[in-house]
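The same chain A turns up in both complexes below, where it pairs with chain B and then with chain C.
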Partner chain A sequence: MTAILQALASGLALGAIYGLIALGFNITYATTKTFNFGQGAFLVPGSLVGVSLLLLAAGKPHWGNLAPSEMTLLSYALATLASVAVVGAIGILLYYCAIKPFVGAGGLNWVLSTIGFGIILQNAALAVWGPASIAVPSPLGNEVWRIAGAGIRPQEVLIAGVAISVMVGLDIVLRKTRFGKALRAVAFNPQAAAIVGINVEKIVIIAFVISSSLAGLAGMLIAPITTASVFIGLGVALKAFSAAIVGGLTSPRGCMLGGFLLGIIEALVGLWRAEMREITIFLLIIIVLVLRPGGLMGARSVEKI
Partner chain B sequence: MNMLRIDDLCVRYGAIEALRGISLQVAAGEIVTLIGGNGAGKSTLMRAIAGLVKPASGTITFEGRTITGIRPHHCVRLGIGHSPEGRLVFGDQSVRDNLMLGAYARDDSDAIASDIDKYFAVFPRLAERQDQQAGTLSGGEQQMLAIARALMSRPKLLLLDEPSLGLAPLIVKEVFAVIRQLREEGVTILLVEQMANLALTVADRAYVIETGRITLEGTGAQLLRDERVRSAYLGA
Partner chain C sequence: MTILLSRRALSALLVTTSLAFAAPALAQNEIKIGYNADQSASGVAELGIAGLYGFQAAIEDINAKGGVLGRKLVGVVRDDVASPPKSIQNMNELIDNEKVAAVVGPTNSGNALAWLHIPQQKKVPVVSHVATATDITARYMKEPQNYIFRVSMVDREQLALLAAYAIKATKTKNIAIIADTTGYGQAATKDLLEILTLHGIKPVAIEKFGPKDTDMTSQLAKVKAAGADMVISGSLGDATAQVLKSMEKMDYYPGLLSTWGSINTPLINIAGPKLAEKTIFAASTTEDANERAVALHKRLIAKHPNMPAFVSAAQGYDAVTLIAAAIAQANSTDGEKIQQALENLGKVQGIIKAYDKPFSKEQHEALGVADFHLAQWKDGRVVKVDNEIVKALTAADLKR
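So, the complex of A and B:
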């Protein structure tokens, strides 16, 4: 029982990470019918920029290891904000280099251009930080918390808390605010949005900034669990992509749901037999897609005309 | 002075010449209608004025200012409202939110709220359905919403593209009653309409477009009597 509780906590945290990244896929897909296939590489500066800032603040070189005493909740929060800002700015670059030349032209050029952009980004990070991974202490300490007999890592609580708050916040923004309504208008029909006075390209750029920022945030949140390195992003982003497809790429809530489902299933199956984890998840994904081609909460594939 | 002036406008879609040197004028306060068959270029002209297609050559002048090729959201801010062919209401958002989005270029929130009430009074059926998703409205209701949404930007010039398309005769009558009412309020209207009879009756002046060129122009009453117009567009 305690093992299950423990696995649920890990699954919730991991699922929150998947959900955050999946939501980023949804936002750009809704507005441009494209998304960043190289999103995994965006987790890399997400974690490394923040961690390097903390290292520099501690008077060390920008790589090396962080001691627990060099990490406080405030310094972690500030470093995270800086990371999110940097990765958000990279999102603007991504839009101009890899999306704008190809969007609306049909074809799959954007798939390769976003993968290519990600590879360039990852290798640039390799040049700056090298291949070694950096151990990152959790700002809440690495001591396991005992809750109902189960040992829960404080960073998992932090991840779930921050990620869920961000998701709820974005959900409200998309539903209630003028910006959210404009973004949904662009998603529904860009020309209709343009004739009511919405600057469609501006909304699209903001969508890419949000999407990239979410990946940056995910990188910084997950670093104390996985360590920070140039190689952390790919696996996580692939799961997040699966989460978006399973939940429904067209539905923000579906993407979040897909993230949590994948994270929790992964953790629970991992309790039983670790090697069955990926097999179970991808089998389930295929079954879901056969039964519901648009994903759990996605638009029906036959659209009303 | 002319509110809208178009000189020798050409638009191409790839190799196809959709507009081949269109020139026309619309004076402030006028209702001007464009009639012509399918594919004559009427909607292309509307889309060019609204900034949705870039002309290959020629100029569009609005209130003395050249606006050729500027982007659509700038056109709205200058005072051009567009109720497009096919309506294009935001189907997944409520009727009220559609109207709010119509006022996207404005920032006077009190006046926006009172404008919404105003158009709810003009179109009572929209008021009844204000919380419904626009995609669930009937064709006639969506048409009213598209017109009201365009008016929410407080346009000086309203581009009204095929407002009667697919509507029942009774609803068409209602829509044209609204067009007359808008004229009373001083809104300048450029109207594209399949039902040439109705359009010529309501219009001050009219142009006939055939394969991307203007072939005839005159007052609504003149064109109603014109033999060529009668045989080609009025089924007489």
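So, the complex of A and C:
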């Protein structure tokens, strides 16, 4: 029983990470029907910029390891804001380099160009920071909270809290605000949106900035769990992408649901046979896509081919 | 515009040709040693980086004493970014273009296994200073001359030590294995299974996890349910740290044994100093093992404050020391003669130990299970483990 509870706790913690990253796919897909395939690489500057700022503030070189005493909730929050801003700015660059030349032109050029941009970003980070991973203490301390015998770390709870808040925020922005309406208008028909006076390019850039900022945020949030490194985004981004597909790329709630679902399945299947986790997850993805091509909570899209 | 460009090209060409002519004149007075190892890409890149620091320090020291055969040693360094094709390309380039006398490397066993045939065919001795796969030195053992040597831990040997310790330490005879799904983790699992079979023991659980996983509570729940009181981790330091963190989540602490990867800083940085103390691991040397190690560690840390793993620096240093001794003994930079000299070296003072006949025709491992000890993190430093169980271990326990 404790084992199942622990698996649920661990699965939710893991799922929150997937969901948070998956939300980054949602916002640009909702606007341009494209997204950043290199999103995983955006976690790299997300974690490293913030951690380096904390290190510099502690009077150390920009790499090395952070001691728990050099991390407070305030400094962590400020570093996270800086990270979000920097990675958001990289999002503008991403738009001009990898999206603008291809968007609306059909074809899959944007897939490769965003992957390529991610690889460039990752290797640039490798040149600056090197390969070693930087251990990051959690600003909330490293003890384990116990609920009925199952352990969970404060950082994991923080991630889940932030991820759900971001989801609610995105949901409200997309559904209720003028900006959200503009976003959806651009997605529905860019030409028509332009005719009614929406600055299409501006909307699209904002979408990519938000998406990239979310990767920056995710990078800083997961660093205390995974360590900050150039390789931080490799595995999680693929899972996050799967979560977005399962839950529905068009829906923030769907992305989050997909994330939690994947995390819990991963942990529960691990209780049975660890090597079956990936098999189960991707089988599930195929089944979901067959039954509901738009994902569990995605809009049933009618796409003209 | 075209004229301008071609002029530039012409002058560039002139510069390169004049350099090319100048190079052989210099090379007369140099002996080149190649270094081909991952220094940037994989999880063991830091072993390659620290290994390079040791490699360079040894060359510095030898040159300060006048070099070898009156010639300066020069290190030619290549990064193989943990990719086998790149590693093969580096190897060909080092041997064919740079004409190195010997090569130190690589870090990744898989890369070594991909290019072993090249130095073997071209008769250039290689000393592996990090890669631990058992097969590296064994593959050409039956050839008239085997060009592959090693100054590092050997997986089979360190796992034999861990298994022997686990069997002495367990009260219930319930031993479990947990390892990641990389080639390293799975090879370790296979070796452990074979070694435990020699002891007549069947592990009660064999668990796997992905190389980037951060939560192994599900796998450990099975290990716990199987009643294991000793667990052997067949992964590198960062993954072992995550295993420890998952154990902390479950408040389940069986004895955890791990390979020399745990000597790397990621273990202590990820798991934290207190939790890191809960694993015992195999090590060839530590930065406080002897006064030479202390001195080298101090010198390297002063130059490279971020140096991750001292152990591979010491192994890199000793690899160069042994190669230089062999070149001096062979009185030649001919690969065949160096190989023979390596197999017939006498006493050579290294960092890890004073080598006495480190290699022979049948033995290409400079370090063996007798040189390994068990170590543990204590207050942020690696210290030797010397408890009752270690004292009770005899040579007969080290089945492999």
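Here, the second predicted complex is superposed on the first by the 300 of 305 C-alpha atoms of A that agree within 3 Å, B and C clash if a C-alpha of one lies under 4 Å from a C-alpha of the other, contacts with A are read in each partner's own complex, and residues count from 1 in each chain.
The rule we apply is simple: contacts are C-beta pairs under 8 Å (C-beta built on N, C-alpha and C of every residue); 3 or more make two chains touch, one makes a residue touch a chain.
In this text, all values refer to a predicted model and were calculated from it rather than measured experimentally.
**Q** In the three-chain superposition, say which chain, chain B or chain C, touches more residues of chain A.
**A** With both complexes superposed on chain A, more residues of chain A are touched by C.
**Q** Have a look at where A:Trp63 lands relative to chain B and chain C in the superposition and call it first, second, both or neither.
**A** In the superposition, A:Trp63 contacts chain C only.
**Q** Please work out whether A:Gly107 is in contact with chain B alone, chain C alone, both, or neither, and reply first, second, both or neither.
**A** Touch partners of A:Gly107: none, neither chain B nor chain C.
**Q** Is A:Lys181 contacted by the first partner chain B, the second partner chain C, both or neither?
**A** Only chain B is touched by A:Lys181; chain C is not.
**Q** Contact-wise, after the overlay, does A:Gly197 reach chain B, chain C, both or neither (first, second, both, neither)?
**A** In the superposed model, A:Gly197 contacts chain B only, not chain C.
**Q** Which holds for A:Asn189: it touches chain B only (first), chain C only (second), both, or neither?
**A** first
**Q** Let me test your reading of the model: by the given contact rule, A:Leu14 touches which partner, first (chain B), second (chain C), both or neither?
**A** second
**Q** Figure out whether A:Val144 sits in contact with chain B (first) or chain C (second), or with both, or with neither.
**A** A:Val144 contacts chain C only, not chain B.
**Q** Same chain A residues contacting chain B and chain C, which ones?
**A** Touching chain B in the first complex and chain C in the second, no residue of chain A appears in both lists.
**Q** Any idea which chain B residues touch chain A in the complex?
**A** Against chain A, chain B makes touches at 50-52, 71-73, 76-77, 82, 84, 88-93, 97, 100-102, 104-105, 135, 149-150, 152-153.
**Q** Touching residues of chain C toward chain A in the complex: what are they?
**A** Result: residues 39-42, 45-46, 49, 181, 207-212, 214-219, 221-222, 224-225, 238, 248-251, 265-266, 269-270, 272, 305-306, 308 of chain C touch chain A.
**Q** Can you check the complex and tell me which residues of chain A touch chain C?
**A** Touching chain C from chain A are residues 3, 6-7, 10, 13-14, 61, 63-65, 126, 130-135, 137, 142, 144, 146, 150-153, 225-227, 231, 234-236, 267-271, 274-275, 277-278.
**Q** Which residues, counting only chain A, touch chain B once they are in their complex?
**A** Interface residues on the chain A side: 178, 181-182, 184-185, 188-189, 191-200, 304.
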